[in-house]
Amino acid sequence: MRPNNRALDELRPISLEAGISRYAEGSCLARFGETHVLCTASVDENVPRWMKGSGKGWVTAEYGMLPRATHSRNNREAARGKQGGRTVEIQRLIGRALRASIDLEKLGERQVIIDCDVMQADGGTRTASITGAWVALSQACNKLVEQGLISENPVTYKMAAVSCGIVDGTCRLDLEYVEDSAAQADANFVLTEDGGIIEVQASSEDVPFKASEMAELTRLAAKGISELCKAQAAALES
Amino acid sequence: MRPNNRALDELRPISLEAGISRYAEGSCLARFGETHVLCTASVDENVPRWMKGSGKGWVTAEYGMLPRATHSRNNREAARGKQGGRTVEIQRLIGRALRASIDLEKLGERQVIIDCDVMQADGGTRTASITGAWVALSQACNKLVEQGLISENPVTYKMAAVSCGIVDGTCRLDLEYVEDSAAQADANFVLTEDGGIIEVQASSEDVPFKASEMAELTRLAAKGISELCKAQAAALES
Amino acid sequence: MRPNNRALDELRPISLEAGISRYAEGSCLARFGETHVLCTASVDENVPRWMKGSGKGWVTAEYGMLPRATHSRNNREAARGKQGGRTVEIQRLIGRALRASIDLEKLGERQVIIDCDVMQADGGTRTASITGAWVALSQACNKLVEQGLISENPVTYKMAAVSCGIVDGTCRLDLEYVEDSAAQADANFVLTEDGGIIEVQASSEDVPFKASEMAELTRLAAKGISELCKAQAAALES
Amino acid sequence: MRPNNRALDELRPISLEAGISRYAEGSCLARFGETHVLCTASVDENVPRWMKGSGKGWVTAEYGMLPRATHSRNNREAARGKQGGRTVEIQRLIGRALRASIDLEKLGERQVIIDCDVMQADGGTRTASITGAWVALSQACNKLVEQGLISENPVTYKMAAVSCGIVDGTCRLDLEYVEDSAAQADANFVLTEDGGIIEVQASSEDVPFKASEMAELTRLAAKGISELCKAQAAALES
Amino acid sequence: MRPNNRALDELRPISLEAGISRYAEGSCLARFGETHVLCTASVDENVPRWMKGSGKGWVTAEYGMLPRATHSRNNREAARGKQGGRTVEIQRLIGRALRASIDLEKLGERQVIIDCDVMQADGGTRTASITGAWVALSQACNKLVEQGLISENPVTYKMAAVSCGIVDGTCRLDLEYVEDSAAQADANFVLTEDGGIIEVQASSEDVPFKASEMAELTRLAAKGISELCKAQAAALES
Amino acid sequence: MRPNNRALDELRPISLEAGISRYAEGSCLARFGETHVLCTASVDENVPRWMKGSGKGWVTAEYGMLPRATHSRNNREAARGKQGGRTVEIQRLIGRALRASIDLEKLGERQVIIDCDVMQADGGTRTASITGAWVALSQACNKLVEQGLISENPVTYKMAAVSCGIVDGTCRLDLEYVEDSAAQADANFVLTEDGGIIEVQASSEDVPFKASEMAELTRLAAKGISELCKAQAAALES
């Protein structure tokens, strides 16, 4: 049995609250159960130096976790003077995923900086980050259109992310922490609303797993992401 | 006229929500108007190396601001690899203030690490941090007593902090950002509930100010802090 | 047509030269065409602090690229004072992949540090690194058995890694740089010799791709990895 | 009794030696008893990037302590790769204090960089730094006028700094180290020659202190600073 | 007896392989016995900021050692976030030596960046680096002439470097590691092919040595460097 | 003609003031003309970790320059977060030179940390540092003998350091800045009082120089160092 009697293909209770930040051009507080991530999108009219004059824009992401977002306190990265390897890996993933969902030429020569800050962690922080960040990015792009800075919304794909894994021999959607820490395999999916693959990262945590298991995890992810995309649309409308 | 018709000696709407973190031993979401700071207190059974064997405990604090807590985005300190001077100055102030309110011998040889993370900034983030951190620290100490790890609550003084300043020639309590950025003088007070001075930092932002003005600012602070201490007590009771 | 008339499911010329380092306990110079990576395995009789007393060993990896391994010179990470995000991401992947192929209890409380240094880069440096590092690790483990420090070789799985991708609409095995930079999708596979999945990372570089394309890429990878595992065995025998 | 039979409102022997540096545009070796600080003012015809084109100048300060300026050796900050929190806090205070004493528009679009390096420490290094730095800054400004680069000396306020504290229940002026380390309260004042407040920082080191004690400390500081301003004027004249 | 029956004034087997890098404008794999250094010269059409507009070029060098180039593994400098003191000292020596052998005005306003990476170390890595780097630099300059970017080869002096030392009371040419670690004195020479001094660094490792011993070490170095310059010429011709 | 009509083999006015620091176990303010270096020796009863249990002591050195010790201001290394290459090179030289003059076994398992801080620079700061540091080290060792912590003074060699160079075709002793910046060759000598070589570093700044010139520079250095050793002895006696 999963915690809270969840079905194997059932997401945790999802809440996406758009526009939560007083200042940011786009924002979303994404909650996947007890995992809470504050995502903001900041528009910067400058692009990185190496893009100047290209006519194209850029989307980049940074990720952080509050020191006490987890069971025991983690050292503050700003105080250590260095982002950890896990942080670097995650923020690169978020950035790639978002850039894949947007037309950088239509964005124009400006940059959108995404910040995903984990308030509370209970598994799946990177996928909640991507799901919330897409809402924040969309909201910021809508604002650029409203302001007449661009004529057309550059967001090309509706997409979200979710983790799946094999726990106690069963394939499951949207692992929470107690499941994640006992998983035989762990996979993060970034898919479009109709199941197109933007990014997949899967690792065995124990024995290697089979291609057929990978297929089942992909199927679960597609189901979950279809639901998440509906929640994103609802969040943007309200 | 102050924004929102506030009286000169009136605090912004204050909300102190204790126990907001799922994991931390103590926590408080402190809101002074649109300034929102999440404060957590984490108990660590180890003390810093230089205190080992002293039989005394330690309280230390770290402060951070989410990159988009402000009107325009600030660089993430973890990404820059360095905490800024302002951050360092503030977190040293928070730590000193809290250590002054607690009996480190009664705490026993353990450490409480305070994290103050600014979700949204509208002036007075350091004083909101101290006010909220005192609640988180008290809650964590209560838990130590409940767990039988210490016999007596080591918190010695009820205290809080507030900023005051001179704006348009008038002394005002609890400046918000639009006032702060136009102030002729700016002062931060950490006082006990009955007005005892724990720490005062006052700076002229324009022409030097008079000792009589300093006295008036102190009077305003004592009034505000008396109210804040009541709000802290209420937050701890609920 | 692929460069050098390669078939879509054909590896570049592979050379794995074990024992190339005068000092390291295990080593392999891995060449996938013009991509050359020097891999060494260093045995350290200490484990990281957090593992002390666990009775288990550890395998970790570091990755670097000589500044002029590529068309234009990259800044030296040691001089910049920081490893780049790509480096961090890759060395974490190498470490995970190798730990998944070894029984850390049988290794005993000691650490094997893998260094993968790219002498020359022409695409696929991370997968060449993993493939060569497995040879270096195996050689180092053989030496531990020969020295009587452990009774049984702890390497559990024969595994290797290869990249695949979709270029000009065709799925291809083992992309070289000119293909990689034009790919619509790019995937790195770490598989056992019989196709068990240890890690998969796949990204679209342009439009999202389909699950059926993912399956074809996996099939190509399994074919290539089966050949690479034979080359590894041969390298270890000589 | 205070050390050396000093009266409660008596400064230590003060020596301010202007023009001590062979190269700097302004300089002062400030001695407050056994506390010795070398202060230099360097004129830089460039302003920080964010001030370019503003027509205004800037004054900034850096503070350092020789590793063996104190009883036991402190690690060299340059070797540790990081300025400590205390250093950061002090140099920000010095910079703010000096900027408050000068008209940045009259300075013109150039920067004065103050360096305060503690040769020997016996309490009160930050206030000796500010007092000496004001001399160095004034000397540098005089030189700018002499050179015809500006028409009017931009220094607006005559000011100095001193520490006061409560030791053994008595309020005292200009604490030396043995007093400072036993103080119940410790306050640093930056005042104009006629007692206008530029900056005050006061902390309890033990029990909170009273507003009436704060007033007495302020009175002592004003007396001391009046004397220090005379010494500064004398140093500039010679 | 020296290892391998070498005569006191005999170099180890020398191999200089020019053009070994697929991408670099100049390159040389320098082997002095078991010491192997890969040297590359990268032409950068930008000069450092402080040289802009000077009409002169610049040559700079960076040095690194693979972590397992030595008997036991050294920490990777990129991971430690800092180049060690020995590395800094060596790369400054390499840069000075090369700049002394070239006419920076004839080079034109561009920079050549030399990378010396030690694959395997058995004593004399800095002198092997200089010897190989001179070949790489010459090759890169030849290419600039061929491309018509400069009209005349700016390399002014044929030079190389070698270490000498006093071991067991005898002066010896080109120390290998076992000799180096037992040396009473250790000297590194950078000389022109006819014995002109570019740089000498000599240290006693035990008792101070005599000027007459220094003279003998210099004589040995001149002999060795004359041979190395012939090997360099041969490497550039092939 | 040299500045101030100095003879070619004449030192600048030398002043060595021992015991100048109130706190350090040994200290010396070394002045070579307008070059002023404050040298302190701090005894630390701990040795570096890798020497623990060896029964031997250690001597290490750190070097720094006040930001405005020179004609124009240099960035503060503590603020940049990194010691420059020149600093690293110099402090390694100072440390090696001092270790060569002392019997580390007689020192016992303790460390002497030398700090050389340049107050004012006019050429020859590294050689003034070594000369002054030897005095500080000797004084600290004398104190260890007086305190009965060691039975015999471990300083084995009387030694000092001086720079020489070729300027306008003439070999000169103890270059000051205007000469140094115009030198064709520049050499730093660390010699014992009777001319034994501890360390020599010589570089051509223009055309390579001859062995006969090197010999003349060595002769000049020996003359100067013999005089400096007399000044050191006098400083220690007073």
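Per-chain numbering from 1; labels A, B, C, D, E and F assigned in written order.
Criterion: contacts are C-beta pairs under 8 Å (C-beta built on N, C-alpha and C of every residue); 3 or more make two chains touch, one makes a residue touch a chain.
Not measured: the values here are computed from a predicted model.
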Third chains touching both subunit D and subunit B: none
Contact-pair overlap exceeding half with B-D, pair selected from C-E, D-F or A-C: A-C
Remotest chain, subunit A as reference, centres from CA atoms: F
Inter-chain centre distance, subunit A versus subunit B - centres from mean C-alpha coordinates, in Å: 33
Between subunit F and subunit B, distance of the C-alpha-averaged centres to the nearest whole Å: 50
Distance between the centres, which are taken as Cα means, of subunit F and subunit E, whole angstrom: 28
Numbers and ranges of subunit C residues touching at least 2 other chains: 81-82
Cyclic chain order when read starting with subunit D and heading to subunit F: D, F, E, C, A, B
Contact footprint of subunit D on subunit B as seen in their complex: 82, 85-86, 88-89, 91-92, 96, 100, 157, 159, 185, 191-192, 195-204, 207-211, 213-215, 218
Subunit E to subunit C touching residues, read off their complex: 21-24, 27, 34, 38, 40, 42, 44, 62, 64, 66-73, 76-79, 81-83, 87, 113, 115, 117, 119-120, 122
